[in-house]
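As structure tokens, here come the structures.
Heads up, the next two complexes both have subunit A, just with different partners, subunit B and then subunit C.
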Partner chain A sequence: MTTATTTPAAKQAILEVRDLTVSFATDEGVVQAVDGVSFNLRAGEILAVVGESGCGKSVTAMTLLGLTRSPNARFEGTATYKGTELLSASDAELQRIRGAEIAMIFQDPMASLNPVMRIGDQIVEQILAHDVTYEDHAIEDAVVETVASVTDPWWMPWRRGDNGPRQRARERAIELLERVGIPRARERVDAYPHEFSGGMRQRVMIALALSCDPSILIADEPTTALDVTVQAQILQRFRELRDETNAALILVTHDLGVVADIADNIAVMYAGRIVEQGSLDDIFYDPQHPYTWGLMGAITRIDRPRRSRLPTIPGLPPSLANRPEGCHLRPRCPHEFDACPQVPPLAARGDAARGAHLDRCWLEPERKRALREIEPGEIGLEPKPPAPSATTGGDVA
Partner chain B sequence: MSSAGPGDVLLEVEHVKLHFPIKQGILIDRVVGRVHAVDDVSFTLREGETLGLVGESGCGKTTLSRTVMRLLEPTSGSLRFSGTDVTHASRHSLMPLRREMQMVFQDPYASLNPRKRIGQIVGVALERAGVKGDDVERRVRELLERVGLSPEHVNRFPHEFSGGQRQRIGVARALAVSPRLIVLDEPVSALDVSIQAQIINLLENLQNEFGLTYLFVAHDLSVVRHVSDRIAVMYLGKLMEVSPAEELYTKPIHPYTAALLEAIPIPDPRENRARRRSVVAGEPPNPINPPSGCVFHPRCPRATDVCREVEPPLTAYANDHVAACHHPLSVSARELAAAVPSPASPLSAGEATPQAA
Partner chain C sequence: MARFVARRLAAMIAVLFAISVITFMIFNVIPNGDPAYRLAGKSPTPDTLAAIRRTWGFDKPVPVQYLKTMQKVFTGDLISYTNNVDVVDEIVQDFPRTLSLAVGAGVMWMFFAVCLGLFTAVKAGRFADRFVTVLALIGISMPVFWVGAMMNYFLGFKAGIFPNGGYVPLTEDPLGWAYHLILPWTALSLLFIGVYSRVLRSNLLDTMSEDFVRTARAKGISERRILLRHVLRNSMIPIVTLWGLDFGAVVGGGAILTEVVFDLQGVGQYAAESIKSLDIPPVLAIVMFGAFFVVLMNTIVDIVYATLDPRIRVS
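Our next item is the complex of A and B:
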């Protein structure tokens, strides 16, 4: 559904998510973290999931890998990866898919690498975990390696040779580190994570994620912790990898600059729901949902003259345990009207031709076009003329 | 202290260096190296202006801001606040100064005591400023209201607030003592975009209302642009460029500034596709052993032999635009001829200003 613009009929969806709902039972009641999320992902597609913190974008990503499974979590809907149902998959099945088929890159590379393990060993571990031949000959390999470690002392380097899958995995680790742009990879494969800078660690995470040639990469805010120059390098690397391996990428982010740089399609999430979904150009040049207008308006752009004040989205996102009835944006939206207490369906509105551009807002497309333009050429959420007390929106819901 | 009008120099930083020693040894510590966190930086801050300080992580911007606050003592150089030399002032003599300059910290989750109520957090600052009795509570409520929180929140704990609200509390605490200078260390980088805009607008309102002077530290050039009158770009402990805010974006002189600007993705797909981008390679070098000559030369696309050998002096161009580069960008031959060495230039820098190629 997300793409109609880039699809030849041959491009089949490799991941289909239908009405995914995730709720957690907590002390404050049932938290609906994800509510009826549907999307398709094709090979080679880069889908950006955009939204503020707490909108459910990370939970959506983690649920696909079964990382949110817990006794207090409830899942509904389906998520089908190449015929395998991910939500009901057994732990063993998931274990096979995780890393090998769908790999994840987390936001904070320091927190997600093992600090007491050499980075090469971490990659080797993952390769071997998914290496069927390694499992089959585990005992033999152990023997071979033990013998090798005794008969291959460092003072007899000529006796070092191929001592089994571990050695091959290590070679592959070095190759991967080179591929993600780590200089002197052969020397640094034995370094610990703390010896690397933030950008280098994030490259190690990417190498780790790529180690088994996954068909889907899920990257949760992969560049948020990095400096802009390093961010540009990493995004460039993602683009090259997509072209080389035709892997699909789900990019969870809040940075619309990054999105504009790399995404093919966008899903905008708010309070657990997708409120707007479409191609990159649809969302940027014809945003239909007031929340998307707010996000667009709040961007500071370096290539435009600066504005006297930044348009904001007044107020705060709602608590997921206690979301407003109907459209969740209602309390923050200046364009609220009679229809809003009803939940708007995610549907294509206006021109039928624009079938792949969906949104959840009751407003008529004509009216939206008039409302979203707060200044000529500027899209935003604030009503014209701007409210004088736009900063005092900080009340607890 | 003497009160100064807008435009007067409030803070003078002259050739400030801050080197952290690296010690090694079992019984006797031996200094085996130094981290050149801030390496000969000079600038002035005028009453009522906002100076943006940008750079990549590890460039020394936070260390510099803490030195300005005198939370750290400079290794050499001098710091003058409102005409008083505070470079080596003792803790005791700094006490009155603390009322004049305040800080808002980056992480709103770590900078508020989780066991204190909001009323206490802001109230302590007021008591230090000499407010007594019932006035404290009244002032706290006023301050909370001023920063966009509800006065009923005085009895809540920090964990009951979101990131943006906590940052408002941090601002209220800084405002409590009616300071003249507020050092903002990445005040919005931990917040969501829509909340960032709220906090930036709040900071601008407060500045207009109270005539505050800001030193705004950030790594995000697009946010800095919005609040700053002038912007200083730092790299590896040194100032690379200081410029009027708008000019930095339209006419970057230092190749490092240009590289930073180019690395920022433009949130507009068409323009982004049309833009020719050269991604600057590599990462900032180690400040323990900075490169010779210009510290940016290993990553610089324009580097030549002179860059490897001679540290470029900060050179003043038209319009108070200062940059330290042997091969400046976007300056005409006439501007180049009119350029003069800036007094803010590091003492170790070469003498010659850049020449037309």
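Our next item is the complex of A and C:
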């Protein structure tokens, strides 16, 4: 693994994650949420982390910011951001990086903003937290903000518009809200979150995340709670922002369809492990892992004739406290064979030219090509054949 | 807002009416409640009693008596049946003492409850949390008449650090006012601090697991700021509700035990004495007075809600 740091791709990497392992001690035993995840992130890269719910995507993302730290959590491996080791960083170091260097956007914009704080104040707060010219007076601010929410704070000069860090931050907040497409930002800056629609709130979250020009933006299912048109707008916004600021984006999602437009690279996660990793084209045109086939088959497409049933991957992901031996997909995979009880390493298989396309499946590449094509031109995971009794049972008359 | 106040005013009148009727009825049905005996003095003749009944109107039907009494309450010439003192004058005279007790204790118990609530929530599950929890339970369990008596005896009488009861008006001597009231404030606050800090602690812990707290942490702001500006503010509503009701009750003479133990001569103590002698007019007046403050505080609390949580609209 140490050799990876010398590859050209790794040289420009601003974030290097190596063998990241996160486990939580719970009443049901040790939950292995993330198991040996490695990836590099370059400036301006959009990396999509894809997988079903409960496969460790969000934990991976949150661990990078130290948001999963708790007395019952254990971390192994390394995550290095521009020379800083994130897993072992002190609280003060983390506080400096959070929001300013690595910013995060969460899944549910309804719940992710403080309901009793004006959105402008929430943005200003983050800007001031990373403004070295501003001194932190938490208690005084708490009192002042509470009073300000009761009365028109004409007696607070910084709210009337003299100069100073707070006023500058407020102007910046308005500018950010305009940039993410909030109409009448100068009026809306003093609105409360409940006065916004879901899509607008997610824009506020994006403005919040962008407020300190982070080099990495982590978006954890940013569009899951939004309807499809808003989803497209938000994704479009992400791509524009990447082009403007050259920030790297980690996009965590369960929907491969979402990332088809905007991702550069994709990591497919299953039960805490990365099962396939490669460029957008690798994953979409030459998927190697049966789990990826399943995800691909589950994308609904309007340019294909509609099938009678929406294809699904049979079964549920395993509990992270009790995962199957070897390849974790075994119980759900129709193509299981005698190599599967061994853990397959994440490695390049078959076509040597595609060195960066890694997967964790024992099947031979030629065999995969034959198995994954369930219909001509369509990739999917053939569901397990139903039990014999079920098929014969229908013919009773 | 105007409609809100109007509706609350109407509700207040309904509450006061109901409470006054109930109080009045209680004194009409309890044994030995006949006020004529109280007014007639020792071993009265039947003639005297009849004369008293006639002059005071006790021979009239109960609804008429009620209306007469209520009329006197609002015109301010309600006379006590035991000592011929004007009840409204007496309440007005006692009110500053009760208000002093309520304001000081209200500020004290809210302040310490917030401090302890924050402390125990931050240290949740650790030794410090358990230790303070035990203290809070002790505070809840100790009856105020016992705590007050112990304080009076040990800190006031034995050690001589604090004055032994009494009251100095704020306008005359602010320091002496506070000095004389510290023990009553403390005694009254102990129970409330215990209850409030427990409620606040559980609310804080609930709020800490909210998504927006995670967002706040991801913004890179300090833990202290997260606690004070994001968690505390969102946990205050239940505490503010409790405070409004309890404060209203104490202002309305509800802290009877504290007032009696420290001989504050406030509205609560007056209520206690009147009940002892089955003196209807002062009891009726004080009950209505207390109910008025509880309803008033409830209305104020509803307005404060809207500022604590902008999602709640006063309408």
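Here, the second predicted complex is superposed on the first by the 344 of 397 C-alpha atoms of A that agree within 3 Å, B and C clash if a C-alpha of one lies under 4 Å from a C-alpha of the other, contacts with A are read in each partner's own complex, and residues count from 1 in each chain.
Rule of thumb we're sticking to: a contact is a pair of C-beta atoms (placed from the backbone, for glycine too) under 8 Å apart; a residue touches a chain by one contact, two chains touch by 3 or more.
The structure displayed is predicted, hence computed values, not measured ones.
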Report for A:P222: first if it touches subunit B alone, second if subunit C alone, otherwise both or neither. neither
Is subunit A touched at more residues by subunit B or by subunit C? B
Between subunit B and subunit C, whom does A:I302 touch in the aligned arrangement: first, second, both, or neither? first
Touched partner set for A:P344, first subunit B, second subunit C, both or neither: neither
Touching A:A129, do we find subunit B (first), subunit C (second), both, or neither? second
For A:D108, decide between first (touching subunit B), second (touching subunit C), both and neither. second
In the overlaid three-chain picture, which partner chain does A:L208 touch, first (subunit B) or second (subunit C), both, or neither? second
Looking at A:L67 after the superposition, I want to know if it touches subunit B, subunit C, both of them or none. Which is it: first, second, both, neither? second
By the touch definition at the top of the document, which applies to A:A100: first (subunit B), second (subunit C), both, or neither? second
Spell out the part of subunit A that touches subunit B in their complex, as residue ranges. 52-53, 197-200, 227-233, 235-236, 254-261, 280-281, 284-285, 294-296, 298-303, 305-307, 309-313, 316, 390-396
Can you list the subunit C residues touching subunit A in their complex? 210-212, 214-225, 228-230, 232-234, 307-311
Using the touch definition up top, name the residues of subunit B that touch subunit A in the complex. 56-57, 147-150, 153, 160-165, 168, 192-198, 200-202, 204-205, 219-223, 225-226, 245-246, 249, 259-272, 277, 279-281, 283
Looking at the complex, which residues from subunit A come into contact with subunit C? 65, 67, 91, 94-100, 103-104, 106, 108, 111-117, 125-126, 129-130, 136, 138-139, 141-142, 145-146, 149-150, 192, 194, 205, 208
